[in-house]
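Structures incoming, each one as structure tokens.
There are two complexes below, and they share chain A, which is joined by chain B in the first and by chain C in the second.
Entry: the complex of A and B
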């Protein structure tokens, strides 16, 4: 606080200009696209040509990245720790699934409706639970997810309950591109949707709104003091994150043609957290690293020894929290900084 | 009128059993969360470990029931102290996200380890012959083992509460929950207090898991499956409270049993709704500090 009170000695205007320009530069730099940001997309396109047999897994990864992005918006930017984000992921999945199973198989409009329904559920539940803090909030997110899980489980007439939702019929994208057995269309469809979602996320986190979220994460009292409508901002972030989670769930439902209770489970909420942490929280690109790493490893190991998968991922988590906070991106940053410092 | 009585007795009886097991398992979690400010999602893993170790001692080593249970409690308590000193301690009062991830990792380890050692199927618990069978209470046949469970639970709860009121450890614990810094200032060794409170909580969880293997079946997914119930008991009861979770467990146990008896199609839906409502009205729980 003392640094902001005017001092008796007049600040040198030249240094102030330099400081202002530097700040402007830093701000502009976050908006400008860096060449590095093309990497994930090049990798995604390359994967399409190099691994034609793994496109089904690929589309799952792309769709899950959206889910991780939506969780990152909450945890990494707004500082809201949630243990029940599967609630909104599952809402999207069931919305898209129920639409496709009941005679409306258009994927794009189904995706939008799923996003809307999830946003609505997020907005209503967020308005209720975001008034609480800390452990109570964590509990509330958990309970909301458990509540929806129980609804989907007991409304078996509509959702198929524990057997999962059967008989989805997804129409071709835009009436032109039929989902094929190899998963080519599904992969490109997911990639396109991910690209749009990433753009939205990138614009949002670099906007004044995104900055205010980070302010709330860092110091709520201060944000209240400077007049930020904290509760409303948090609710907006929660709703937007819910919409993204819904889109992710809907994509997975549409591309796999199946929705099971697992989409609403605590395991889903937990594993997405793990994927995000592996990549790095609050850095936008953590999702692009953590999700593929986790899901490819799971695909490889879980088929060989499913028992060991849980054990090793658990052990890995413990080590990550102890020694590598910040995930892969954190390690990368540290490495780059050391190199620059040494040069 | 008279036809309702057996049903009500049955609900009260089974509800009470569930409540006792829930309380034994969850009370330690309340202390960890309230006193150390640590979200120990893996708390259920201690209960599961207690159950598995006791059932193995019974089935493979043929130990008497009481000794097997006691040994299981001792083993789990020792392991929990090691974990507390090595891992948990570093994160007390720290970032919530780290705690969630650490304990989520521990849950996954417990799932993997339990599947590896005991297999994916539910592990049966051998109950001694004296505790098998049922007795007739007002026209209802009630299982003897559950009656034993309620009596055991009542004795332990009484002892726990007496210890909290009468012993030096209890006084230190209450002081630290009320005001941690003040407690440190007057010379209470809080680091040691945390370790003993953690050990006591894990031991009670192991006891609850071993005795209550019939209520919460021993499967590798134990810690994850029942996590929501344990957390509900703690959050509704009030973090850091020893008595609060008891009333919360009673509420959850009896409501859950009654609803599953009368409206099974609702499942656990109502419990979750009730929890949400209570937490919105009382964010610090019914008896939170």
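Entry: the complex of A and C
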């Protein structure tokens, strides 16, 4: 080590070159697209043809996956806990709903406006609450959601209050594809939007920004010490997550043609956490497993035992915490590793 | 802390004070770290050495007093802003990303220094210049063979070396090494000493250390801290001879 080596210096020997390239490639490989990543999309397209009677449920699942992705960005990647993400989901739902009920029923622009409004609400509330962490932050996120819930409740003249928002008129997508009774257009619309949101998420979590979020989650003291503006990074993540949550809420409002206070409820914030935990946190695909599992189970149990179904979800959670940390994806990882170890 | 030197020091603290309630941890410390210095800060347990590092690096805000970096007051700057100006620290207890590889650990620091870490679109693995710089750095410090291994799989000595490599990825002008050899098995201490001795001469190094073998090998100047106060400052020879130092600190080991 004689002096500072310029970064552009050419490797001096061939062996150095090989070892260095191998090390760098090993890192680059960690975020290369794998064929396995086509699976959720194949399943979604197959479901469209195999279960034509369940497209309405399918649309809800696809839209909710976006919500789970937005929560995963916070909890799984940045390590920001939240119990009030329905605040941003509901903001998106009401934005899209109010637009459609007041003469602007274009779904795509409605979706973008909802994303912007949610991002704004996320940015402002995030700037206030992200200074705290742990339990305090958890309470703050709850408070934001509770406040917005009451605002929507009291502003009954605009939102319909407890009765929900009536009279939404959603126009055809791009003026061409009218939302049909069977829910075909709704399903494909949700699938397309999910695909775009997934792409954004995937790019973000594999970027230098995404890596720095993981650094913040793993060791915030070190991130401060390498000069990371930690608060600003967290706020960026929170704002992006809010936009995704808003898109999810808006999708559900547009495809069901209705917005109720439930979109801002604690139950909404809590259940999305459960879905994400079932699937696996911080692995990008947990949302794609947990959400369908939970929502299909909910749908089945609700027909079999409408009152009792929470018991089964509860039992399932106990099992998960005891035996399957890391959710369904965690089980898969361990299974694959064991097979590789045995081979 | 004697006279009034004309050139600004790499680090200069004036009347630096930190108290938690009535408990004064850092008691009006005046301290100068010269450019390119090899300066050790020693003192018994609880003397306030790590608190001093936390104050200078910006992890803690002082109760009163000022900290100047190269003549510019940085007292009110955040830790991140100080790092951008070349003031970098390491930790007494490893603060590494244990699941990430050595290359990624150093890469994160390089990315942050280059100002690329806010980029949310470009895949991190595509930043070839960053990875190349990180790898070159690992070669310099002798960690290239471990580049693709996770921190958790390294020996403790090599983890401590990575701790310093991460700091070097930030191209520091001032480096605060908080007990770099803490917890390192005796056989590996030599690796750490070699690494410190090979640091570029233009980096001002403040070494916090318990191990006198390392201090007397590396330091050209020593400051002794007791109960938050500067007891004495001088050359290693002067410190070793000083009766007060022998009494409060070296005397712990019964002079032979």
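Please note the rule applied: the second predicted complex is superposed on the first by the 320 of 343 C-alpha atoms of A that agree within 3 Å, B and C clash if a C-alpha of one lies under 4 Å from a C-alpha of the other, contacts with A are read in each partner's own complex, and residues count from 1 in each chain.
Just so it is clear, a residue touches a chain if its C-beta (ideal position, glycine included) is under 8 Å from a C-beta of that chain, and two chains touch if they have at least 3 such contacts.
All figures in this text were calculated on a predicted structure; none of them were measured in a lab.
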item	value
First (chain B), second (chain C), both or neither touched by A:81	first
Touching partner for A:224 - first (chain B), second (chain C), both, neither	second
Which of chain B and chain C A:335 touches, first, second, both or neither	neither
First, second, both or neither for A:140, with chain B first and chain C second	first
Touched partner set for A:311, first chain B, second chain C, both or neither	first
Which superposed partner A:26 touches (first chain B, second chain C, both, neither)	second
Of all residues in chain B, those that touch chain A in their complex	33, 39, 87, 90-91, 96-98, 100-102, 104-113, 115-116, 224, 227-228, 231-232, 235, 239, 265-269, 272-273, 275-276, 279-280, 283-284
Residue ranges of chain A touching chain C (in the complex, touch as defined)	1, 3-5, 7-9, 16, 19-20, 22-24, 26-31, 203-204, 206-212, 214-215, 218-219, 221-222, 224-230, 233, 236, 240
Residues of chain A touching chain B in the complex	75, 81, 83, 128-129, 131-136, 138-140, 142-144, 146-147, 150-151, 153-154, 266-267, 270, 273-274, 277, 281, 307-318, 320-322, 325
Chain C residues touching chain A - in the complex, by the definition given at the top	57, 59, 78-84, 88-91, 95-101, 103-104, 107-109, 111-113, 116-129, 131-133, 135-137, 139-141, 144-145, 147-148, 166-167, 169-171, 198-200
